[in-house]
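Structures for review follow.
In what comes next, chain A is part of two complexes: it sits with chain B in the first one and with chain C in the second one.
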Partner chain A sequence: MAEVEKQVERLLNSKDFVVIGKGIARVDSLEAVTGRLAFTGDLLPSNVLYVRPVRSTVPHALIKDIDFSAAKNIPGIVGIYTWRDIPGINDAGSLIPDRPFLAVDKVRHYGEAMAIIAGERPEAVDEAIGLVRVEYERLPAVFDPVEAMKPDAPKVHDKGNICRHMKIRKGDVEKGFQEADVIIENTYQTEFIDSVPPEPEIGLASPDQDGGITCIGSMQNPFDVRWKVADILGLPQEKVRVIQAATGGGFGPKSDETPIDVCAYAALVAYKTGRSAVSIMTRDEAMVTQAKRHKFIIKNKTGARSDGRLVAWESTLIEDTGAYISKGHLVIVRAIFHCAGPYDIPNVKADGYCVLTNNTFAGSTRGFGAPQAFFAAERQMDELARKLGMDPFELRLKNLLRRGSKTITSAEIEDDGLAMCAEWVYNNSEWVRKRREYEEFNRKTRGPIRKGIGVAMIYHGNTLGPEGEDFAYVDVSVDKDGKVSVRTGLTDFGTGAATGLLMIVAEELGVTLDKVRMERPDTSKVQNPGPTVASRVTAIGGRAAQEAASKIREKLKGVAAEMLGCPSERVVFREGRVYDSENPENKVSFEEVVSQAYRIGLELKETGYYIAPPTKWDEETGQGKPYNQYTYGAEVAEVEVDVETGLVKVVRITCAFDVGRIVNPIGLKDVVHGGTIMGMGQAIMERFIHEDGIVLTDNFSTYWIPTAVDSPEIIYHLIESPGPAGAYGAKAMGEIPVVPPPAAISNAVAHALGVPVKQIPLTPDRVLELVKRAGET
Partner chain B sequence: MSATLHKLNVYSPDSLHEALRILGEKGERVKVLAGGTDLIVQLRAGVVEPREILNIYGLDELRYIEIEGGRLRIGALTTYMDIIQSGKVAKAAPILVEASKTVGSPQIQSKGTIGGNICNASPAADSLPPLYVLNANVVLQSLDGRREIPIERFYLGYKKMDMRPEELLVEVNMPVMEDDEDAVFLKHGLRLGDAISVVNAALLVKWSDDTVKDARIALGAVAPTVVRARDAEESLRGRRLDENVMWDAAEKTLRHISPITDVRGTAEYRREIAVNLVFMGLWELAYRRGRR
Partner chain C sequence: MSFGSPWFTLPEFTYHKPKTLKEALELLDKYGEEAKVMAGGVGLLAFMKERLMAPSHVIDLKGVPELGQAIYKEGEGLTIGATVTLNELARYGPLKKFGALHDAVRDIADPIIRNRATLVGNLCEAIPWVDTPPALIALGAEVEIRSLKGERRVPVKDFIKGPVEIDLEPGELVTAVHVPEPRRNSRSRFIKYNTGSEFALVSVAANVVMDGGRVRDVSLVYGAVSSTPQVAVKAADALKSAEKPWEVLDEVGRIASEEVEAVSDVLASEEYRRHLIRVLTLRVLREVMG
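For the complex of A and B:
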């Protein structure tokens, strides 16, 4: 397309925004930095009971006996409860009911809750827990997902260990490989990762006067918590009220099952004793139990023509989901839909297996299987480039998904966002010059540093897609004074998503942002808006906010038209002023219009609802349209590898993302920076270790996440190629920056050392192994 | 998973004499708390048997940095931050400043004390290899009197020290570095900020023109205690530091270390890093010498 036409199209797509696209600091930032934001731990009543579970110290065993006799006698202990005391259903699985809330006769992983103890003081509870004697009968266990797939492997549950087999069948992969001039085959591996939200899980429960329970906690999904707490207590849903307090980080685990656990521990005690109760996880407890990022083993076989054109791709993905499925059956779907990178490939065959083991369970974590899939796919592309003797960036450009290309599910790509990202990064990273210079440096140097530069490209199917119904509710109301309240069960847990919703409401109502405020998510005040996962709030929630606000604006338009004496289609709402577009001097204030609306008895309260178009694909072949739109990204990483210590320093990340529409540039900057550093942790540092099922890395002294001094320089660029499903064309962005770094950084390290990288994280001991291998070749 | 601390008796004496009296009376039944950056964590994790606590953090008389009679004297409660900011230490033992800067985070540096670091006796403690190459002495005091022993003789084995139950470590002192001496500290952690040493090393060289007159090399986290690489030191004496001499000395380090495998690294990896760190340290010292 000619440059001019592109500009014209851009112009036609653009809209004159007043609030959207302006950089806004998060609306709760002042409260947060001055310590006024109320977290659950700030809200404890003085007579609250403290509750903690007794956890298993073995990974797989029958519980023969639990002796509470010594624990019971500790002064201050109020109650000890086991599965026998549960009035409702003993299950805490968030989607699949496979995880007992309290273990019955068997534990399937280290740290599984078997009983809960409540006391007047946390010290008494800790002491009592130390005195509980559990008699186990150890069972054969399995900790390796490949072993677990074998027919004679120990069974984690009653059925087999493979809980989902997902398939992609596109074209004829055998024929594709026959047409290939070059075929390469490699196996890649990633590790479990804990995303360590700064605030560990906490749940506070208090009995209501009418026999119900109110829970306040740190969470992403209040309605999931309400559903499970009510079921566990055997109460109707409306008897349980759940309020999300300010939440110190989510990253996925807070949408998963541990927020349910702590609220339910506290709620069961509140229900039994009639008193307020709180359950607060320690850091080690949170790290052992909260949902991990899945470990993956991925085998990729790739065929290409000698000119670099991809003709066939075959993948086998094995996902270790631990002892309970949690979201593992959905993570494998996202992983497989992204397993061949963002490329146009005519013949694809992929098989993905979600496998149970006796490790602690994995579930929802920012990126949801995509970082692992792209690590394997993008490393494979670099290995292919090496085999072909091509520049890895050129190889990618040759195969990129562009407008009209078909994905591995045969869905048609409708925009050129990826090519735009790739072009920007190619130019602004100075790829060609640096690639050459670093190779020359490495040839000549006599010092310990090797330099490398690597690239990765991604596309990320937007929002839930195959993972559930993609809908949202947002309520907007305007009070007599013209103050606007936004109410929804969608949550902000440090993401800045609430600010985005408020900006959208302010934009639609033509008011300034200080007039709009967000209420706390409260299940008694709103409908279930669907989960706050999959980077949904701005894109999908934003559509619902837009609808609610615009309904109110349309109502007010009629009132304003009469006040201004002009036709209602000429009424403009902008920055608190309401005027006649043909005579801007003929104006009233937003407050005056609202006041008049109240006088004539108009109700200014609307619910906005949006549901994304349903997505469809064939279960047997994976063919169809699993996502409504894609976010694109291209990223170049530059590293310095010390061949004497094995330390990798990520010097610079240059990246571009197509976000569809920039709603809040400051929010996006934070998302890009935080996500990039988090992704870097997965690439070079973070490694959650189970040794025969026992967790060895349950604290920050053994589990390393990047610090500020480890962080690279981050140069980023945002591209706006609007998508059809999100508010104003916005695409999902919350998770996306975490996806490319493992791929880009490991490609850079492979470039620096001249050897293939097949396993992350690239910890110093592994890097020294690679250095040795490089010396041998 | 975690032990309870609320039942522990805590004594907080107002004077050194009072502290020594309590220690004389209670002996092994009390555990001394200085900055608490290690002890509290260990008590909570159940690594250290909960006992009564003798909290000496209030004893300001143990916070000092002095140069006297050619020796640098540092009171046991002196924090890393005090050391980092001290002009006297920067002059008399700059390697100790270098090492203190790498300890944990600024929070830890402001709370943790040098006496606590010595008595915690972690083989990975960052202050210890410098104290070894500086030929430091520790001063132990009880109601019966004071005694002073070289730091190398103070450690008997993993977390085992030549310290009687009634004794308190009150000072560490060392000769002020000479003009012809130069020293370097190297730390290898698994990330750049707030890291625990996987291997650390201190190297001190006494120069005579461009030849090594004397050398001392100490390594941490590679044996139950910090160790001196005496064969390596010996091989350097009277030599100029060319690449072969440096690699040869670095390789000889292996004779003195016996690392273990843990979650931070394998024994093999630690051996490799130890050799590389000694080489890097010698290279740095030779480079600095050449630049002068």
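For the complex of A and C:
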């Protein structure tokens, strides 16, 4: 019965797509690889001023004095500016105004900007920065979020250090634990991570003739940049124009506050001097200051019946957001909504705390708290399986969220995407055989290698949900010659999202992709489409693109109907041809229809708008429907652990994701590959170290990320179980592949060594500790 | 730590590209300490961007034909010119005779760097974690140095005097590295421990000469553990004096891990490095003695 229903649903949802679902290489890829794509650094005018900030070298201090006397004598220095020179509001916080654009009398983290220096030559600026003398009065500081929660801890800001306490209360957790046959409790920890977009932050600002400022930069959200730059300069919004240049990677930090910083440094200098100015971060500057992935400490207590059925789950999540909140108050929400894994659990209690410390600030990073939450939840499931003597995959299948099950917020699950992912991975990873074989290998081997296989399952609440209004604007226009232009403030920063939008427009208008082009995001040309975050461009932006394009198609239908002499409902737009569905030979070209439309004075320019249904939940209990739909994933990781050196090699990843609708299979392949490797970095390599607030890992020589050499074999499968909110049923996918690897890989390592893994990354020294512990037990 | 490095730009300098060795030596003589030579430029340009070096003259050697050759002569050994890139060397057939160097050259960094970086440059950088010096020292390689005043040869072991410090006077140029013909019944390997394409945390090169069941001679050299490559003399002695060398490998590894200098840094603790020295010593010896 369920099977038939599924097939019927598939049939009803299926559509004969011409462009959607076909593999399209990113539309800007040829330009990118031939070096023709214009990045901000390619656009510097010859007389540009170079601007860089003077940054604090201590994590928490009062600024007693700054001495610029030596710095300003360097030939070529044009200006030195402090908070006193800011004409508008001295704040660069992207959502919460808690972060001074230039420090006033206090710095709260290492690397905080205190002044900016502008000069004719970059060398002069660098030299001048080295000559600035700052007198600090050190303040007591706190670097551990658990310490920071204590009432007598040093305060990072005037209020307490806990900036959000988020709760889930479902059922009766005490009663649940009483009904449990088995209860386990473990504490897990993750580290700060920097996602190191290849292009560090850069912003170029030029004064306009009318007293405004134009900024060009590397960013995800031009409207956030415009808003803050205008406020800092004390200008009306419309006096600031922001254009996103080609952007070399985003991963979240480019939607956060450092792109605002560089554009505002440059803009302040352009405003003061009347000249073009550019601010470019070096790699170490970017790594110190850009928004990190949050460090989490997560305590999970889980109760189950002896048959494996989950009856109670209690979590405490402590999130270190560093010295400024940035997106920390939203990351804790996503983390807590996903803290108990993708399982049907009747009784849940969870408390999440977003905590300030004097570490550099964390914020938006691909996955937004989910990788940390799933690492802790999915490790916990493996520990539970061990305690119960059950196969960890079986334990998960027993508790999986299926159609009709309720999440920890009591929202009802509407599809079986997760079960389909799990089934595919179970079969295609050869889970049962390998699990047995590796255990036998480890028993018999005399060499240093141990093999392990681990699984993780995830669901990922789609797009913004509780994180903001989930709307998008996309403009589409058709020129006289039939060329289609797409304009939006949603951005592509290497994600392939622009290609997806163009495919949707081409599909709706029935033209080939080469007729459709995307214009550069420019705040003077479009409305604010909401942020480019939360994997929303294809799913949510796609709906707006679909709307704009279909409005134009409907207009053209009337024109075509007259030209073809058939009723307009019979007019078909397909691959550049427009024809009568009952007589395909009766046809005209798309261009001819457009030309006729222009002759009769039709305007072929439409704005598409879409807003996802509002999501609601109760602030006290977390109960409700925080997301409109979920993306699902199941992943199996296979590892080889060298017990003599501690080195973990990820051999193979087998994964399946329910993406709702495949818009561009090539784009999805890239997203799965890139995301998997990035997630692997979090699992075994990336360890961003603050030592008493000072960053020790500020470049690639000390902060190791995976390269192509480290990439495992990746076998993936995409399932299409359409969701209600996205274009053609598409679900969010940009972030999701980074979520399962930390969990799956650490479960595989725990399997290989036979000991619990409670902390990532699994760097060799930590793995050796685990090996030692395994020897002791 | 400052936020001033790397700077965006190179410091100002005059660029020279001599066409003959004589011309190169004359330029070096003329500018002395003001000049730096460049082969691949991988190290030099990075150092200059970080303002660790600011030479007013850069002498690019890539225009000098005889510096771009690797020549192997049976019985004499392998001479590798100053501008031979690591990938050129990796593709040079006779390199296989020099096991440890072959391993080190083939695995260093990544293909893009190897297309640019040179063996001689790698050596002259004298950065503690680069791969080729331990292999060259284990193989008894020498550096060939020329100046207008004449020429001299220095063992690689003595050439590297400290981190980023080499035995080279102003006006002198390293024209080549010479690796002697491997001894009969000898075998050498280099292994490094790292993750993926990153720098080594510990590397080891071993070169043994077997004599029946015994080890007649052995050289054990460690990279990335301290500020210069470390030679484990006591460990080598223990192996040479053993009647049944296969039975003392554990002991040799332990001695090596205790006798060489090892440091702690952000990437690894001293304790972990010493642990790795023991493990890698065992592994490399099993390979070369096998």
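Just so we're on the same page, the second predicted complex is superposed on the first by the 772 of 777 C-alpha atoms of A that agree within 3 Å, B and C clash if a C-alpha of one lies under 4 Å from a C-alpha of the other, contacts with A are read in each partner's own complex, and residues count from 1 in each chain.
By our rule, contacts are C-beta pairs under 8 Å (C-beta built on N, C-alpha and C of every residue); 3 or more make two chains touch, one makes a residue touch a chain.
Everything quoted here is computed from the prediction, not taken from an experiment.
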item: Fit-or-clash call for chain B and chain C when the two complexes are aligned on chain A; value: clash
item: Chain B versus chain C as contact partner of A:Glu123, first or second or both or neither; value: both
item: Contacts of A:Thr697 with chain B and chain C, given as first, second, both or neither; value: both
item: Touched partner set for A:Ile280, first chain B, second chain C, both or neither; value: second
item: Which superposed partner A:Met685 touches (first chain B, second chain C, both, neither); value: both
item: Chain B versus chain C as contact partner of A:Val709, first or second or both or neither; value: both
item: Doubly contacted residues of chain A, that is, touched by chain B and again by chain C; value: 55, 123, 126-127, 130, 282, 284-285, 644-647, 685, 689, 696-697, 701-702, 704, 706-707, 709-710, 764-765, 768
item: Footprint of chain A on chain B - complex, ascending; value: 1-7, 41, 188, 190-196, 198, 263-266, 269, 272-273, 276-277, 279-280
item: Complex contacts: residues of chain A adjacent to chain C; value: 50, 52, 55, 57, 111, 122-123, 126-127, 129-130, 280, 282-285, 288, 644-647, 684-685, 689, 694, 696-698, 701-702, 704, 706-707, 709-710, 764-765, 768
item: Interfacial residue positions of chain A with respect to chain B in the complex; value: 55, 121, 123, 126-127, 130, 282, 284-285, 448, 644-647, 649, 685, 689, 696-697, 701-702, 704, 706-710, 763-765, 768
item: In the complex, chain C residues that touch chain A; value: 1-9, 11, 110, 193, 195-199, 201, 266-269, 272, 275-276, 279-280
